[in-house]
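Take a look at these structures.
Presented sequentially are two complexes of chain A, the first with chain B as partner and the second with chain C.
Let's turn to the complex of A and B:
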């Protein structure tokens, strides 16, 4: 197991290296002066030009530029935004938690709704319940996310006025940003209207999270059902049945834990899709996350911000896939004891 | 009254070409306290019969029978829940491919715990865990596992096939079942321990009056440890009766060929000569012959064999063949 984990980390660093190389190449391919694109300083003074050129090693070979680029980015210097003139790292810290929060709740929803429904569908295989679940899943699978978001806003936001249509929290509530996650910030703060603020934050979260979760829910249902059907046909399930163990026990303690491995693997693959749809959702619901930030940067041709956004999103996905891979090894006894981590 | 009474058990498989009778009108009965062997080549439907008794065939298989009774209860008309109750308490099964029959994600010890029913044990609930641990230790020792400590904390993939098989046998006898179905219980166990397992079965049979259906293709085992046998060929039961009687005087050509295929030291088998075996091989499930399925391979086959022969009986010895071997001689001898 340790050898495999070491190899996995090795791969992780290699992937990061390739990612940085690609981003640097992309940055070079964008129109404009390299110095401006890398640092974000528009019309730099003479001293700044000298300082930045030496910092990014722009007079040196491409290899040295690459190393300097990685050094700068890893030390937290993403340059400054062309439009807002703020350091980009501050903007990332401000926007990233909102996106992570949204994705996190969507994922929780997807797993907590998708897995039970998938299990029910597999248990009632080829019965009316199964067909109903699969049909509804297909419908959910096919609705584009922007369409769903707009319908949600029109119906629940404007027509019925149940839920707010934009933002993370009503501007009435003054919550200091500590972690960037609204719910945690509210709980940490010492305001007197905590419960009201919490309720408002959840109301704001409901529609974007549900909209974003719909696609992963359908995916999780399908994968869970499929994995469970595979598991329920294995010999050890038949043997457990022959021992007279109750179906609930068989499903919860034997079939489901084994079926979870393919589900987790698939879900971690789906995270990139989730992040993309999160950006669309953020724009629809004016959610102040990475998506909205990146979209406005694209409209304003703010190249330093675009490269920074791409880097951050890609690193986020690579880290998530590493974590899910490690989790899957640690939770599978068979993989734990094998040197190379393959079965 | 027999403990298990099966009459005309037919198991059909759904295929794109229609239903195929993988098991065709098999009869089998086990009396209380009897050890019956079920013999046949691989693919002759022995395991299918066992799984049909347990009711764990997948949806693609259709089981029908004139009679499938356990202790007077019609198993086919029971609901899944009632059936499971009987399976847990009264009938236990030892499976083939033992390592695939244990949950790979769970320790062997926990799976053993789960198999032990404490409901009727009369042990107060706070002592049950300890009681189970003691029971598990006893069971593992019984099936010949000495280092129980290591086994209970292992995951199935950390144990050898033979070890898994022993664990499965321990699980099966944990219930104190009245009927034990053992599907090639010793195929993956080293030969020294095979005797131990068979002795264990024999002891269960004699002391606890457990009836055993022993499925095996090792004729030596069958000969040594069973009282009665049923011979199957390609999903049909061809002959059944007392083990001794059949080994002495087989009526069905297939049974005779099967017995002749056992190499004997006293046979005068020449150097590099052919071993005794029927020509051809067992038909595939898509191309089953009509009538007696042995037909194309049978040395005695005649035109009549395309009709399914009726089960004939001669002194507790059943066989289904139009032209039984050594039957006429036998009759003459008695005259």
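Let's turn to the complex of A and C:
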């Protein structure tokens, strides 16, 4: 197991290295002066040019530039934004929690709705219930997320006026940013209108989270159904059936725990789709997260911010895949022997 | 090998692809999806013959005409017109070429380039395979839509750049799928047997690997087409893809958003077109997966 974990970390660092190389290449491919694109200083003075050139090793070979780029970025210096002139790292810290919050609630929704439906579909395999669930899944899978967002805004936001259509919380409520997660911030704060603010924050969260969750829900249903069908076909389940254990007992205590591992592994692979869907959702609902920030950077051609945005998103995903891989290795001995020695 | 009209009662074993097709054509819903798919393809090929008006032609005397079944509608503009008097039906038909047709082209490009690299990395061993694998993992860590958005941001908007960007961002998935399929096939025993018989790498690839990875590729293709359609439309919706006079479905939808209260048909019809295009492909993909599962079992 330790050997495998060491190999996994090895892979992690190599992947990070390749990622930095790719991002540096993209940065070089963007139009404009390298110095400006890397540092974000729009009209540098002579001293700044000298200082930044030596910091990013721009006169040196491409390999030294690459090493200097990694050093800068890992030490937390992402340059400054061309449009707002603020250090990019501060903007990331400000925007990232909103995206994580949205993705987190969508994921919770997806797992808590998707897994039970997937189990029901597998239990009623090739019966009416199964067909109905699969049809609904296919339909949900085919609606582009921006169509769904627009329909939601039209119906619940404007027509029925049930839910607010933009932002994270009504501006009337003044909540200081501590962690960046609205709900936690409200709970931590000592305001007198706590419950009202909480209700407002949830109202703002409902529509974006539901919109974002639809796609992962369908994916979780499909994966769970598939994994459960595989599991229900195994011999130990048949043995359990033969011994007269009740179907509910078999599913809840035998099949489901074993089917959960492939489901969680697959779900962690789906996170990259979730992150991009979250970006589109943020743009539609003006949610002040990393997606809105990155899109406005693209409209304004703010290259240092674009570079930082890709790096942050990709590193986030690589770290999550590392963590989920490690968790699954530690919890399932089966995966160690299968994956070991192979790529 | 076996002849149908031979006097012996030979059992004809269909090839894997043929078997999948047999299973596939037995279920009605996926076949319906296939027909819809073919319909969209015909529309995109014969768009100039079907469309009542050329794309972008403005009828200044018929701005914002509702669909023809509405009391104020005009049958000359079946799905109504937008705020510049353009016929929505004609725009949708020409948009099929861009959103649907382009996504097919893009998938083809991604398929060819991705498969070549995937096969190369799957068939190689040791350091070469390991290096390629790490590059693959890193490119897969950047989500495809994000990669496409960034590439368009670098190269500038326009349908050609969008196609390049989406094609490039779909390639890693094909590489990964091909790589995994080849790797899985290589570790099977019949390949070892063929190796022992003295087959070289090329022969193993053509006779053992290729016929057996085709099914994995077919499924990956259907997935990729639906992703390509959604990506192209999303880029159009975010206004960094195909630019406004081009009748791309996502761009049409986002143009119609300003008028959603007075002319909801500007949003609904492009949305429906997108939905049915993606749905037909997903239904085909689902049918193929089912067919594959039954083929094995």
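Details
One rule holds in what follows: the second predicted complex is superposed on the first by the 334 of 343 C-alpha atoms of A that agree within 3 Å, B and C clash if a C-alpha of one lies under 4 Å from a C-alpha of the other, contacts with A are read in each partner's own complex, and residues count from 1 in each chain.
Keep this in mind: contacts are C-beta pairs under 8 Å (C-beta built on N, C-alpha and C of every residue); 3 or more make two chains touch, one makes a residue touch a chain.
Keep in mind that this is a model prediction, so the values were computed, not measured.
Superposition of the two structures on chain A leaves chain B and chain C fitting side by side, clash-free. Once the two complexes are laid over each other on the shared chain, residue contacts for A:143 go to chain C alone; chain B is not touched. Once the two complexes are overlaid on the shared chain, A:240 sits against chain B while remaining clear of chain C. Looking at the shared chain after the overlay, A:19 reaches chain C, while chain B stays out of its contact range. After superposition on the shared chain, chain A has more residues touched by C, the comparison being chain B against chain C. Of the two partner chains placed by the overlay, only chain C lies in contact with A:317; chain B stays clear of it.
Shared-chain residue A:108: touches no atom of chain B or chain C.
The minimum CA-CA separation between chain B and chain C in the overlaid arrangement is 10 Å, rounded to the whole angstrom.
Residues common to the contacts of chain A with chain B and with chain C across the two structures: none. Per the touch definition, chain A reaches chain B in the complex via residues 125-126, 233-236, 238-246, 249, 253-254, 257-258, 332-334, 337.
Chain C makes touch with chain A in their complex at residues 129-130, 133-135, 137-146, 149-150, 153-154, 183, 226, 230, 233-234, 237-238, 240, 250, 253-254, 257, 260-261, 264, 267, 271, 274-275, 278-279, 282-283, 286.
Contact residues on chain A toward chain C in their complex (touch as defined above): 11, 14-16, 18-19, 22, 26, 29-31, 134, 138-139, 141-147, 150-151, 154, 158, 272-273, 275-276, 279-280, 283, 294-295, 298-299, 301, 306, 310, 313-314, 317-318, 321, 342-343. Those residues of chain B lying in contact with chain A across their complex are 51, 54, 56, 58-59, 84-89, 92-93, 95, 97, 100-106, 114-115, 155, 157-158, 168, 171-172, 175.
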